[in-house]
Amino acid sequence: MNHEIHHPTTIDPDETLSLDEAHEGGHEHHTPLGTMTWVFVILLFLTALTVWTSNIHEIVIGHSVIEIGPTPHIIMAMVIAVIKATLVAAYFMHLKYDKPMNTVVVGATMFGVLLFIGLTLADLAARGSIDRQELAPIVVGGNKHLDADGNRVDGAGVTQAARENSPDAHHGEDHGDDHSGDDHSGDDHSGDDHASDDHADDH
Amino acid sequence: MSHHDVSYLEPKGSFWQTVWSWVYTIDHKKIGVMYLTAVLLAFLLGGLFALAVRAELFTPYQTIVTETGETITKGEALRFIADRWVENGSTLTVNNVYNRFFTAHGAIMVFLFIIPAVPAALGNFFLPIMLGAKDVAFPRLNLMSWYIYVFGSLLAVYSLVNGGVETGWTFYTPYSTTTNWGSTTAMLLSAFILGFSSIFTGMNFIATVHKLRVPGMGWFDMPLFVWAIYATAIIQVLATPVLGITLLMLVFERTFQIGIFDPALGGDPVLYQHFFWFYSHPAVYIMILPGFGIASELLAVHCHKKIFGYRAIAFSSIAIAAISFIVWAHHMFTAQSVALNAIFSALTFLVAIPTAIKVFNWIATMYKASISINTPMMYAMYFLFCFTIGGLTGPPLATLASDIHLHDTYFVVAHFHYVMMGGTVLAFIGGLHHWWPKMFGKMYWEPGAQLAGILVFVGFNVTFFTQFFLGTRGMPRRYATYIEELTTLHQISTIGSWILALGLFLHLFVFIHSLAAGKPAPKNPWGGLTFEWETESPPVEHNFPHEPVIVHGPYDYESVVPPHCDPAEYPVARPPAGGANGTNGTNGTNGTHHA
Amino acid sequence: MTSVTTTNGDAGANGRELEPHEAYVPGAHWRNAHDEAEAAKLGMWLFLGTEILLFSGFFCAYAVFRMWYPENWHDASRYYLSWKIGFANTCVLLLSSYTVVLAIRAAQQNKKNWILIHLLITNLCALFFLVVKIGWEYIPKIQKGELPGGLFTYYNPQGEFDHIFLSIYWISTATHGFHVLVGIFVISWAMWLAAKGHYGPKHYTSLENVGLYWHIVDIIWIFLFPLLYLV
């Protein structure tokens, strides 16, 4: 087997007709049967393993019982899935034998995926952790018409405080709520007549 | 072989055979020309909507109660359209019409025009030629991407005819999940499909740059336009799929009520914004990076000087592509958590570094150069001027405190028009003039083009510089009316849009005139050194009569006489020691053009 | 200075009719077949990258709602989905990936019939996957009203956000199922080319690319299976 890259100009036309030795189509590596079969067996084993671990809800060591919550489960499942995917990519998809450029493409892609999921999660996890401490009544048309309790005198708008106290408002993470209310809470929008808080914010 | 000396524009037999040869072509040059035609049509369509938007803003609404008690509303330029536009049995308000118009302007300009404009039209035509290749890596995929583009564009036009979209080009939920059922879905699918076209173009270019460079051409022998298109292609491939899935989920949201972005069902609209901007911020660099590439070419060729800081410009393109993926949430400073605001604000400032590297290198290239003042060079300077303004108005928007005031105002509108139009579109027009003689084998009417360029530059600045003042005075974007105090500024802006339109129509006239009656173009009208100036004007079917050989860098103006040029006209400052290349200028394969 | 292309189509060399894969000539714009094959694979990997990023949207949505409703997520997964069906489908997809590898090996060894047999097994596995998915999951779910988001009509007082879980289940598995369906078509196309003798030790690039596509479909399922069925 020839693992070198053939340069076309060096190929003797007669040589390329010998079927066993020709790899000029860019295929320098024959698929090793034994390795691939082992990879397949390991993949099946890992699949069984991930099912088995997902059904363990407690570990008994001597007299102490350790409960396994959902988070260790998902971490375990993802670790196994990453191992499986790596095996498929490296062996079945030939990355191990290919030019490194293809691995670079996969690496860049995975980097993009991690950025996308990681930073999005970071934002949605951090929501409410800092800005909610500074809640101030915000109302369309400014807060100069508010009485001492933060309710609007003329009754035309609904204050942030009223919204917070209403029985159907989401508490805690506040994810179900429309975003525009609490996101501006740290900022002084009292003079803003345009109610642009709700407006699409892109630039 | 016959195709070695026949222009790619040469008709094939009868009229219908010629049409057929274009419809079925896998020649990257013909596909580039077809893309050029399509994007210019899209530019025209989007521009007409922009003029309508500016016309509506010429005066604010005024509702007057007369002495007889009658109520009259004045200043609604789009009223005559609104009165004729009946939907669900009743006429629309001017606000509805205005929303649809600015959405149409934005969506067409972004998805149909500016994203494919430079890569798919000029890039398709010149990237393989600049690499010394006969075609792009996957010619059939290239043709397919054009047909996908056409299909997606027709779907967008269908959406407009069918009622239009009111959400703005960003399709924010819940507007986009609740308004205009049929037409919004069509527009979403249209953008989804256009994304595939963009992905395929990007894949093609990456593979072409990796595998089809002429033997001996290293990465740092590539022209900077190729570097820019390569960086663009990386973003196209890595970012566009996320737009695809975002729009697909939005379509699912509308059809199956999956509720992932719908707060009423437990979903989250801010999640949509993350999804959308993960693509659409990098897309901003899909739009501007090719403009950078064109600027590098224009400045080097028309200054007849080695570009200053070649590697810095090349690497800064890649750096911009990389940074573009970690700054998306600066579009969401008023929507997301404070903690992430601080992080994304800091990351956003990183973009300034590679961008400034480019600008300084371009200015250094012009220093002490023998500059030819012609339309492409004037456009390169317009680009530098406008893009610098656009770039410098970015930091106030990246700063959290000032963004709270400027967010969603005309300041933002002016900022991104200075970058997109003042950057990409001006570079695109300049590049079009630069490469026009090569693409079509005809020179254009230089005085007319220069006059048109001046009109465009003046009109553009009058239109958009005014909007910085409007923005800082609190004029919010996407509103059909405004308070009376802002009338003067809005009127200046609208008049600017007319000057701009006049200039652009004059450009169109110059191009049509050139095609009909232009003088035949020489092989190398500007004295360029990259491969496209070695071949015929217009290029032959497989780009070169013989495969070119690389004997000098793309910008070695001090030591190489440009191919097909008179050495007296392009004196060589520093002939190389051997002297052989200095007089030949290029390879020995192209025949007898040497001085 | 003309470009160099290797031509293998010289039928007279050893006096017999050449198979299409032996007579393969690279496209006119390629300098040699090696470059063409490398570029085709690079292009395919770029496309696979876009597929991964496409599915990352589902994974991102999954992660966000899992973060907000972890207990509900766990219960919904156990309540609506049977790990046995998922496990069977995972094993079937892994087997089909393995047979694609064997088909490429058969091409390298110029065993045309074995290419066809392995691809046929792959396609049968893909069909099995879809039949199980539709027959044992989609149809019962539609009948019971376990539908996404606003269409959800199943009554389960425990799970407040079951409909979101099912939304993600439906859109991700349906998009994946669509990819399996496309896979069946492209594998059938590869079988057709194999039957015509297009694949052999000299040229099997499109078979490799079909294989790469099929493996990425498998990899996506490797992630979807534990996330949906096992959490």
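In order of appearance the chains are A, B and C, and numbering begins at 1 in each one.
Everything below uses one rule, namely that a residue touches a chain if its C-beta (ideal position, glycine included) is under 8 Å from a C-beta of that chain, and two chains touch if they have at least 3 such contacts.
Please read all numbers here as calculations on a predicted model, not as lab measurements.
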item: Closest chain to global C-alpha mean, per-chain Cα centroids; value: B
item: Top-ranked pair of chains - ranking by C-beta pairs in contact; value: A-C
item: Chain B-chain C separation of Cα centroids, rounded to whole Å; value: 35
item: Distance between chain centroids, defined by C-alpha means - chain A, chain C (Å); value: 21
item: Euclidean distance of C-alpha centroids - chain A vs chain B, Å; value: 31
item: Touching two or more other chains - residues of chain C; value: 31, 35-36, 38, 42, 46, 49, 53, 56, 60, 64
item: Chain A residues counted as touching two or more neighbouring chains; value: 101, 108-109, 112, 116, 120, 124, 175
item: Residue list for chain B, restricted to those that touch at least two other chains; value: 210, 238-239, 242, 266, 268, 271, 274-275
item: Touching residues (chain side chain B, partner chain A) in the complex; value: 167-168, 170, 172, 175, 210, 234, 238-239, 242, 263, 266, 268-271, 274-275, 277-278, 280, 325-326, 329, 331-340, 343, 397, 404, 407-408, 412-413, 415-416, 474, 476, 478-479
item: Residues of chain A touching chain C in the complex; value: 5-9, 11, 13-14, 16-17, 19-20, 22-27, 30-31, 33, 36-37, 40, 43-44, 47-48, 50-51, 54, 70-71, 73-74, 77-78, 80-81, 84-85, 88-89, 91-94, 98-99, 101-102, 105-106, 108-110, 112-113, 116-117, 120-121, 124-125, 173, 175
item: Interfacial residue positions of chain B with respect to chain C in the complex; value: 128, 133-139, 141, 199, 202-204, 206-208, 210-212, 215, 237-242, 244-246, 248-249, 252-253, 256-260, 262, 265-268, 271, 274-275, 542, 546-547, 549, 587, 589
item: Complex contact set, residues of chain C against chain A; value: 4-8, 10, 13-14, 22, 24, 31-38, 41-42, 45-46, 48-49, 52-53, 56, 59-60, 63-64, 66-68, 70-71, 73-74, 83, 87, 90-91, 94-95, 97-98, 100-102, 104-105, 108-110, 200-205, 208, 211-212, 215-216, 218-219, 222-223, 225-227, 230-231
item: Complex contacts: residues of chain C adjacent to chain B; value: 1-3, 27-31, 35-36, 38-40, 42-43, 46-47, 49-51, 53-58, 60-61, 64-65, 147-151, 160-161, 163-164, 167-168, 170-171, 175
